Structure formats: structure tokens, C-alpha cells
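Below you'll find a set of structures to go through.
Both of the next two complexes hold subunit A, though its partner changes from subunit B to subunit C.
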Partner chain A sequence: MTYMDKGLVEIHEALKSGKVTSQELISESLKKSKEVQEKCNAFVTILEDAKETPVTEDILSGIPYGIKDNYSTKGILSTGSSNTLKDYVPFFTATAISNLESHGAVAVNKTVMDEFGMGGTGTTGHTGIVKNPWDQTRMCAGSSAGSAAAVAAGVYPYATGSDTGDSIRKPAAYCGIVGYKPTYGMISRYGLFPFASSLDHCGVLARSVEDAAIVVDGMKGIDKNDMTSWDSSNMHLYDSLTKDIKGKKVCTIKEIADISMYPNASSELKEHLENFHNTLKHFQDLGVEVEEVSVDQTLLNALASVYVVISCAEATSNMSNLTGIIFGPRSDADNYIDMMKNYRTTGFSPLIKRRFVIGSYVLQAQNKDRYFHNAQRVRRLLVDRWKEIFKNYDAVILPVGSGPAKKFDEDKDMLDHNTQVLEEHLQVGNFGGFPSITIPDGFVSGLPVGINITGNCYDDINVLNIAYALESTMPYKNQIVKEEH
Partner chain B sequence: MEERKFTSEMVDDYADKLLIGLTREENQMVLDEFDVIDAQIDIINEIPNIADVPPMTHCLDDFTYELREDEEEESISIDDALANCDDYAGDEIKVPKVVG
Partner chain C sequence: MEDYQVLIGLEMHCEISETKTKVFSSAKNGYSEEPNSHIRPVDMAFPGTLPVVNKEAVKLALKASMILHCTQPEYMYFERKNYYYPDLPKGFQITQETKPAPVGSYGYLDFECKGESKRVRINNIHLEEDAASTDHYPTFSTIDYNRAGVPLLELVTEPDLHSAEEAVAFLETMRSIYQYAGISEADSRKGQIRCDVNVSIMDKGKDASNPKNWGTKVEIKNVNSFGGVRDAINYEIERQIALKEDGTYDEMEQQTRRWDEDTFSTIYMRSKVDAIDYKYFVEPNIPKFKLSPDWLESIRASIPELAPERKEKYEKVYHLSSYDAQVLVKEKAVSDYYEETISLGADPKGAANWITSVILGYLNKEELEIKDLYLTPTMLVDLMDMVKSGKISSKQSKEVLNKVLEEKKAPKEIVKKLGVTQISDDKTIRDIVVKVLDEHPDLIEDHRKGKNTFDFFVGQVMKATRGQANPSLTAQIIHEEIDKR
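Let's turn to the complex of A and B:
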């Protein structure tokens, strides 16, 4: 009998009834961690000495989980998958992780990510690429690559993630699981290595909407150490789940999801969008009205650059403490300038050097208005348009990406014109801080694909309920990697 | 071929400001992406009245910042502060000589 491939409530009941102990769950999870490490390279650290916790009424108590390596964990290596922090051991724990600990959750490993979260492929971590457990010749997407691979492979029921552009919601799609980032500030970012502070969200990768709600209930809460966090104590996500969403109204966006927008579509893209539109039909059975709305194509075309400009600018500012002097492996030089330059030049991977240089350029006084401020202006126009949509609709429903997980040799983390809006539209959820969840939406070419539900700020319960009801119409709840794929 | 607005010297200069050294390949990668971004920013500049839109700096427009009480708290211990430092003497971090 295995438990790590089950949902949280089922595992909790087994613990309560004495069918299994917390220690046995930890042993199962550690054993599975080693198997998945071998196949997928999903972990920076496996916590062999993880200790059981008492089983209480709390659903999370005694149950193993994984932590993305950009969450600070006291006394445990926390690298952000960067050579610049390859030996960094924090002296404090991120608030979201402390909150999970206070619910009795047991961390068993730290997961590999794109360096500092600044990539979407899972290929830029300092410990090597993360392979997709469904097909090891393919990527998991990123940056929460190791968390997604591990949850999909049944190492544990959930792992934490972080999401600045789509870093929870795209890996979830590529790995056939659920990825949820709640409204900005619902979960404290204190102790999360910052990438782009106005876009960074904490969240979770799990295998069901129910589990995602339980975990975020455990992570969230106002925190004096994060001035952007807010009091959500009156929001009980798990307790509010209901499949009755009759009378709700959702929409999709023509310019993103309509096949006619892609005259040169590959057969895989056609299949992906067809699959998406078939799933939309499930809403009819749920008594939900689905309509199609339009968004100005110019705004959509600017989306990816808006993200690059804002995220790179904020990242450049956030990296200033990476000197290699107070922490990080110190470089050898006879003056501090060369010392820092050696540390950064040899420590950062090419992809994030690129981000920092772009950030530096767009923040130069002579460039700031044309690039940075204009990007922030378009950010507002996009968010205003989405908020206008939310006046008439409970949620926007869109396909995730342009198909299933990409092959490693298709690895491209640069802006690309063809299906760019389809690939990047989830970034609007970060621009506006919107609650946004990806759930599995079946298979294309034998590999999992995802569907995303995004709603207005603070409307997390509504978004979760739409996802919960839609999930119930499909057979992918608690989906684990099937070896035959 | 159209003359490039960005040059590899510019890219090296911006990298140098950040104390980052770039290889030729890395420099080329930034240069290529500058061109893509610049083309898209040109499109943004054609959006009517774009200059009148207030830049959006945070996700939550309705957010109100509240100052917390000014309460004295323990700061981190010297041991914690030095735990990740590769070179220190006593209670102080060692750095190369800065003043002649």
C-alpha cells in the first residue's frame, strides 16, 4: 500500500485511523524521492533526517511535502538553484514554510528550479536540468520544475512553488497536475528569494483543487515582515469548496484561444485548442454560461515585452545584495570590485545575466520612460481590461501554453513571435495579482496539457470553486505519472 | 541590413555597470533580445495617449500601507550573520583594503 500518491484527506484519514504512521509516510516519500532524483533530477537536497510530527486534527499534520529551493529554510541549504548561493544556509525560515510547519507538515526535500526563478524551462538550475516524469526527453517548464515533477511522480501530495510569470501554472500543465497562485499578498513573501517583487507570488503544486485549497489555507496569513501581505483570516478556502457553480458566467478570449488566430497552426496546436474548446462544453452541464470576449491585439502583442521589461528591471534591483562577500562563495581578487565581478561572472548562468543586463538598460535615466514606464503603463491597460471583463464574468478560462511539454532541443527561453501570446498570457495574472489556477485538461500527443482559470483579486474562493467543479467533470483528479507514456 | 540600434559595446557597458562579465555568445544573446523588445516598445508607443496612462507599479491598487508599531526587536546574532561568510576575523567581515 502506498500513500504518497493519494490526496491529503485520504492520507489524513489513514493517519488518524492508525493504518499508517507519519514516519512510514516519510520513509515512503524519501524512497520515492531517490527514484525520482535518479530519473528526473528534481531535488537540490533530500532531507534524509526528516522527523515525524504528531498527527492532529490538522489535515497537513504528519504528511510529507517538498519546498522549492527559493524558500529560505533555517539550517537547510537554500540555493535558489544558483551557483552564487550554492553553499547558503539561512538562519531563518520563510513565513509560508513556518506556517506549514505550525500545521505539522513535514518537509522532505528542496526542489530544483530555474536559477532564482528567472526562467521557464527548468533547465537553468545549478544542479542540472529537470526532466519531465511523463517523458524524460521533455522539460517540465519552470521555474517550479522540481516541485512539479515530484508531485506528478507521486513523491508527496504537494510542494510549494513561486510564480512571477507563470512559474507554478505552466509546470503544473506540463506535468498534468494542479498549480495555484492565490491573490497577490495572500501568502507572505518574507523569506522567498525575490525575483521581481511586484509580480512574485507564493503558491502550491498539488494533484487536486481540494489539496491546493488545503495547502494555501496552511501557507497564507498576514505577516508583519511582508508589508504587501493582507489579512485573509475570514477566507477559508477548503471549507468553502462547493461544486455548485450554477448560474456563474465565464469567458474565454478570442485572440488567445481561437484557432482562427493561428493560420499556420501545427496539428498539435490544433489538437490542443480543440481539446480546450471541448472542455469548455463541460461548463454547460454545470449550468455555467461561457462566452467569448475580445482583447485589443496590440495590448496582447505587447504583453511578453511588458513582462520582460518589468521583471528584468525589478530583478536587477533585487540582485544588488549578491556580492559574494557577506554570503555566497567568495571569489579571489585583490579589490572588492573584481571580487564581486568574478563572483557574478562565474556564478550566474547566461540566461539570468541576460535578464540583469536588460534590466540595467531599461532603468538607465535616458531609457526609463520609453521602456520601464511604458511597460508599466501597458501593465495597467492590460489589468484594467481584465478587471473590466471581471465585471461581467466570474473568471477567464484559457488554455495553458501552445501544447504539451516541449522537447529539450526546442529549449527556448527568449521572446518568440509565433505563439507568443498563447505561451505568455498567464503573466497577466501576475500583472494584476489575480488568483489563478491551472488544472489538468487531458492529453495531447499522449502528454498532459492544462487549462487555466483566473478571476479577480480577492475572489479566490470563486476561482477555486470553478476549478473544483470543472475538475469533477474530468478524470484527472489525483493524476499520477503513468509509466507507459 | 538595417543598422542596429544596439551595439555589443553598449551591452558590455550595461553589464559592466552591474559588475557582470559577458562572453561573446552571452553578449549576442542580449543584443538579439534588445531588438525584439525594442520592436515591441515601438508598438507600445503607437497606443493612443499611452503617455497619459499612469504607470502601474503594484498589483493591488486598493492596497493601503499601514506602519506597524515601533517595537524594539532582537536583531540577528553575530554568529548567524557570519555563518555564511567565507572570510571574517572575530566579529567582523574581512574585505580587501578599500582606502589607500
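Let's turn to the complex of A and C:
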């Protein structure tokens, strides 16, 4: 009998009835961690000495989980998957993690990510690439690659993630699981290594909407150490779950989801979009009206650039604390300038350095208005457009990406530029701080694909319920990797 | 010199010392000899830490803004100023640029210089965080993060000052404001005040209100005492005049120099073309917040009586000379001491005499501050009362004071211990006088002939009473007794 492939409530019942102990769950999870490490390289650290916790009424108590390696964990190596912090052991724990600890959750490993969250492939961590457990010739997407792979492979029911562009929601789709980032500020970012502060969200990767709600209930809360956090103590996500969403109205966006937008579509893309539109039909049975809205193509085309400009600008500033002087492997040189230069030159991967150059360039006095300020203006236009949509609809429903997980050897530059908006639209959820959840909605070429539900700020319960109801119409709840034999 | 007019602008940095904690951190805001004793993770920029605004620091900054007749913004914002230096752990300083609006914009301050009233326009005042302090040794450097994150007010004037004396008078007025308003001790010995000075010269007779007529601006960085400000300005004026006389002034580029106390000169640092691009952008971790009119009103109402008001009161109500009043209000602590003494019932003029002549002289000589003085206002009042009631003489009171300070005992105790007391009993003194006169009939004759033997009689009485006879009563009795014979 295994438990780590089950849902939280079921595991909790087993613990309560004494069928299994917290220690046994930890052993199972550690054993599975090693298998998945072997196969997918999903972990920076496996916590062999993880200790059981008392089983209480709290659903999370005694149950193992994973932590993305950009969460600061006291006494436990926290690298952000970067050589610049390869030996960094913090002396304080991120608020979201201490909240989970106070619910009795047991961390069993720290998961690999794209270096500091800056990547969408899961291939840029300092410990090597993360492979997709469904097909090890494919990527998980990123940056929460290790968390997604581990949850999909049944290492534990959930792992924490962080999402700056789509870093929870895309790997979730590629791994056939649920990825949820709540409204900006619902979960404190204190102790999360920053990438782009105005876009960074904490969140969770799990295998059901129910589990995602339970975990975020455990992570969230106003925090005196994070001024952008807000009081959500009157919001009980799990207790508010209902499949009765009759009368709600949702929409999809023509320019993103309609197959006619992609005249040269690959067969995978066609299949993916067809599957998406078939999933939309399930809403009829739920009594939900689905409509198609139009968004100015010019605005949508600007989306990816807006993201690059804002995220790189904030990142280059946020990571200026990485000098190797206070923490990290201090570089040996005759003067502080060379010390910093050596440390940063050898520590960061080329991809990150490229982003720093972009970030510095767009913030330079002579470029700032043209790039940075314009990006902020367009960000506002996009958010305003989405908010306008939310006046008439409870959520925007869109396909995640242009198909299933990509192969490692697929040349990124060969990607069809026409599908860029399809690949990048989840970033609007970060621009607006919107609650946004991805759930699995089928298979393309034998690999999982996902559908995304995004709603207005503070409307998390509504978004979760739409996802919860939709999930119940499909057979993918608590799905774990089916291995081909 | 008479051919030129001088334009001076100041950037005055003053630490806010009167908050319990730092400006964006919960670490203690206080001066400490022990390095790195007042720090929290955020002060060393450990990954994942976030700034949290100290409302008290904002309040004190707004108070300064109001005193300087500046406009307060509708919303408070903070910005990042990005640059690398080992004393700047985050790699950026949280500050306020002029867009969006800082804590104060476009005000003015009237101040007195050599008895003349002057007005300087304030361009802006903003709230920021101080950097760590560094010490450099031949083979290594040390960093003390106690100062990192201490709230700092930066005040920028228009170039409305025309001499070193005016600049120093302005700075002294500002120091007094910071002290009186309870914003800062403003102690340059503790490094709480630092200035950058802008100096340019232009031909006399041209209109100084038109910037087109201004000369080339030279900025002198990091002048850390008022004496330094005076010397740096005077040096720079002479240097620039020499260039004019040489005919090489027009070749001088806009530049930054530093004041070197060892060579007593300003030294070239960099040209304006090499100015650092600080890549400012709004700090995303601090949401903009609205300043409510009610809060602003309560801050305005909390502005206490400042030095000019107290000085006026001292002259008009207590009838002190303008000079004495100025001496008393120069340091708030001295003025507070004076006010307390008066509130305990002391005669305002008498108390002023004690403080300006005796106490300040003593403090000066011993290099002490009034807060270190053993003699409390209550003790001073006791001492004054003893003189007033004739218990001790005015001359004795000075001796008692010296003993009080020396032995750190209350005046009453000292008087008792030394047996110092004044004999004011008519009969006791008269008996002694009669005896002295009886012994010296010849000297009485001399006295009548106009020779000065009177002082001899007084001396003899004092000798007989060990100096305790009331001098005026003694003189009176001697006259009476001589006249009787």
C-alpha cells in the first residue's frame, strides 16, 4: 500500500485511523525521492533526517511535502539552484514555510528550479536539468520544475512553488498536475528569494484542486515582514469549495485560443486546442455559460516584451545583493570590485547574465522611458483590459502553452513565433496579481496538457470553485505519472 | 573677490535618531560602539528579506517637511537607487527621487546670519536609509552594519547661499530645528550629519536669479563637519577665482570633488560625464500609501516651539538680552534645562546668569554636555534659593557649585558638610565689629582722614568668621559703628 500518490484528505484519514504513521509516510516519501532523483534529477537536497510530527485535526499534519529551493529554510541548504548560493544555509525560514510547519507539515526535500526562477525550462539549475517523469527526453517547463516532477511522480501530495511569469502553472500543465498561485499578497513573500518583486507569487503544485486549496490555506496569511501581504483570515479556501457553479459566466479569448489564429499550426497544437475547446463544453453540463471575447492583438503581442523588460529590470536590482561579500562563496581578489566581479562572473549562468544586461539597459536614464516606463504603461493596459473582462465574466479560461512538454533537443529559436502569445499569456496573471490555477485537461501525443482558469484579484474562492467543478468532469484528479512498460 | 558673486547649494544628510527602530527594519536605531550589534537579516540583505516602512520615521520626515514649508505628497512612494558598494548590502539604497514626489517639495527656510535675516529655498527633502560604515586598513577592510538602514533625511537647497558663513548659519539653524522638533540629536561627532556642497562663482552685476548666468557647478562630496563646510567653501571659492584670474575658468568642467582634511583642499574625483546612472525605479516591495489629511494635521499640530520662538519669549517675557537669549536657545538641551529651572520657580534672569556664565563655562572647559551635568535644575533652584534667603553668599555659592560638581553631592549636603553658611545675625556680627574697631582706634582715625582702611575692617571680620559673615550686612554695621564713635 502506498500513500504518497493519494490525496491529502485520504492520507489524513489513514493517519487518523492509525493505518499508517507519519514516520512511515516520511520513509515512503524519501524512498520515492531517491527513485525520482535518479530518474529526473528533481532535488537539490533530500532531507534524510526529516522528523515525524504529531497527527492532529489539521489535514496537513504529519504529511510529507517538498519545498522549492528558493524558499529560505533555517538550517537547510537553500540555493535557488544557483552556484552563487551553492553553500548557503539560511538562519531564518520563509513565512509561508513556517506557516506550513505550524500546521504540522513535514518537509522531505528541496526541489530543483531554473536558477533563481529565471527560466521556463527546468534546465538552468546548478545541479543539472530536470527531466519530465512522463517522458525523460522532455522538459518539465519551469521554473518550478523539480516540484512539478516530484508531485507528478508521487513523491508526496504537494510541493511549494513560486510563479513570476508562469513558473507554477506551466510546469503543472506539462506534468499533468494542478498548479495554483493565489492573489498577489495572499501568501507572504518574506523568505522567498526574489526574482521580480512586483510579479513574484508563492503558490503550490498538487494533484487536485482540493489539495491546492488545503495547502494554500496553510501557507497564506498577513505577515508583518511583507508589506504587500493582506489579511485573508476570513477566506477559507478548502471549506468554501463547491461544485455548484451554476449560473456563472466564463470566457475564452479568441486571439489566443481560436485555432483559426494559427494557420500553420502543428498537429500537436491543433490537437491541444481541440482538446481545450472540448473541455470548455464540460461547462455546459455545469450550467456555466461560456463566451468568446476579443482582445486587441497589438496589446497581446506586446505581452512578452513587457514581461521581459519589467522582470529583467527588477531582477537585476533584486540580485545586486549577491556579491559574495556577506554570504555565498566569497571570491578571492585584491579589491572589492574584483571580488564582486569574479563571484558574479563565475556564479551566474549565461542566461541570467543576459537578463541582467537587459535589465540594466532598460533602466538606464536614456532608455528608461522608452522601455521600462512604456512596459509599465502596457502592463497597466493589459491589466485594465482583463479587469474589464472580469466585470462581465467570473473567469478567463485559456489553454496552457501550445501543446505538451517540449523535448530537450527542440531548438527554442525554431518555435513558431505565431504561438508566442499562447506560450506567454499566463504572465497577465502576474501583471495583475490575479488568482490563477492550471488543471490537467487531457493528453496530446500521450503527454499531459493543461487548462488555466484566471479570475479577478481576491476572487480566489470563485476561481478555485470553477476549477474544482471542471476537474470533477474529467478523470485527471489525483493523476500521477503512468509509466510506459 | 569683489568682482564675483558666489552661489552655494547644500545637500544636508541628517540621520533621524529619535525613532526606536531603523527605517525599513525592526533593528534598533541607536549609536553603538560594538560593531554589528544592531542588525536584522534585512540590514545585511539576506535573500528573501523585505523592507517594512517605519511609520514613525515617515512621521518625523513629514514634520521636517512641514517646518521647511514644503508641500507634502498625496501618496508616499519609495524608490531604489542602484549601485554597487560594499557598504550597501542590497546593492541599492531605498530612497525617494523627485518623481514621484518625495516627503517634501519646494519650501523655504528663513534664518539669521550675522544679525541679518536670509531666506533659502528648499528644492526637496526626502527620506532614505543610511549605508553601513566601513573602515579601511592597509590589507583589509571592516564593515559595521549598525548604521545600515538608519533613517536619513536628505535636504536639498537651491543655490541661494552666498558665503561660507551663510552656509554654516543655515546648517546650524537646521541642526537646531532637528533637535527642537525631536527628529534628531543632529550630532556631527556621531556622524549624524554629512553634507555635499555645490559651489560656483559668477561675475558680479549679473542677475543671479537667471540660471543662464550661473558659473560651472562644482560638487564637493562628504563634508562631515560644519567647520569642514566652511573651509571647503572658502577653499573652493579661492580656487575658482584663481581660475578666473588665470583665464582658465571656462575650461573647467562640471565635476565632483572631495574635501580632504589632511591637505586642507578639495580634490578632483570625477567629471559630470562620468556620473553614475543610478537606474532609479519605484520600490515594488513597498506599496504606495495615501497620507491622510487627518494624520498630516496631527503631525502639524505636534510641531513644538522652535528656537526662534523661544528666543523671542526669552527677550520679551523674561527680559533677557538678545545675546543671552541666543546663547540659551542654541542647544535645545540647554534651553530645556533653562525652562525646567524656571518652571521650578527660579527667577528667569538669575537662572539665565547662572547658566550662561557659570554652567556653560564649566561644560565647555570639561567638554561635557548638559545632559551629563550632575547639577539638576532642582539643585540649581536650591542653590539660588540659598543665596536669595541669605543663607549663603553669592561668592560662597560659586564654591558650593564647584564642590557639587566635584563630589557629585546635592548643594544642601555640600553646604552642611563644609559648614558653609552665612552669618546674617546682626548681634553676632556687631559684637565682632566692635571688637575689631576697639583693637584699631588709629585706623578709625585714618579712615576719617580719607584713607582706605575700610576693607581692612571687613577683612578682619571675615577672618574672625571664616568668611561666613554676610558681606553687605558687615559693611553696613562697620559704617554704623564707626559713625557712633
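In the analysis below, the second predicted complex is superposed on the first by the 478 of 485 C-alpha atoms of A that agree within 3 Å, B and C clash if a C-alpha of one lies under 4 Å from a C-alpha of the other, contacts with A are read in each partner's own complex, and residues count from 1 in each chain.
The definition used in the following text is that contacts are C-beta pairs under 8 Å (C-beta built on N, C-alpha and C of every residue); 3 or more make two chains touch, one makes a residue touch a chain.
Keep in mind it's a predicted model, so treat the numbers as computed, not measured.
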Output check: A:Y336 vs subunit B and subunit C. Expected answer is one of first, second, both, neither. What do you get? both
Touching partner for A:F193 - first (subunit B), second (subunit C), both, neither: second
Given the touch rule stated above, what does A:C457 touch, subunit B (first), subunit C (second), both, or neither? first
Could you tell me if A:S72 is touching subunit B, subunit C, both of them or neither one (first, second, both, neither)? second
Which partner chains sit in contact with A:F431 here, subunit B, subunit C, both or neither? Use first/second/both/neither. first
Between subunit B and subunit C, whom does A:F327 touch in the aligned arrangement: first, second, both, or neither? both
Once the shared chain is lined up, is A:M227 touching subunit B (first), subunit C (second), both, or neither of them? both
Let me test your reading of the model: by the given contact rule, A:D114 touches which partner, first (subunit B), second (subunit C), both or neither? neither
Per the contact definition in the header, classify A:Y88: touching subunit B only (first), subunit C only (second), both, or neither. both
See if subunit A has more residues touched by subunit B or by subunit C, and give me that chain. B
Intersected contact list for subunit A, partners subunit B and subunit C 88, 91-92, 198, 224, 227-228, 316, 319, 325-327, 336-337, 340, 360, 364, 372
Help me check something: in the complex, which residues belonging to subunit A touch subunit B? 87-89, 91-92, 184-185, 198-199, 224, 227-228, 230, 298-299, 301-302, 304-306, 308-309, 316, 319, 325-330, 333-337, 339-341, 344-345, 348, 350, 353-354, 356-358, 360-361, 364, 370-381, 383, 414-415, 430-433, 457
Residue positions on subunit B within touch of subunit A in the complex are 10-11, 14-15, 17-23, 25-26, 29-30, 32-34, 36-37, 40-41, 43-47, 50-51, 53-60, 62-63, 65, 68, 76, 80-81, 83-87, 93, 95-98
List of subunit C residues in touch with subunit A within their complex: 41, 44-53, 80, 82, 84, 86, 89-92, 141, 143, 277, 279-281, 284-287
For the complex, which residues does subunit A have touching subunit C? 71-72, 78, 80, 85, 88, 90-92, 94, 189-194, 196-198, 224-228, 313-314, 316-317, 319-323, 325-327, 336-337, 340, 360, 363-365, 368, 372
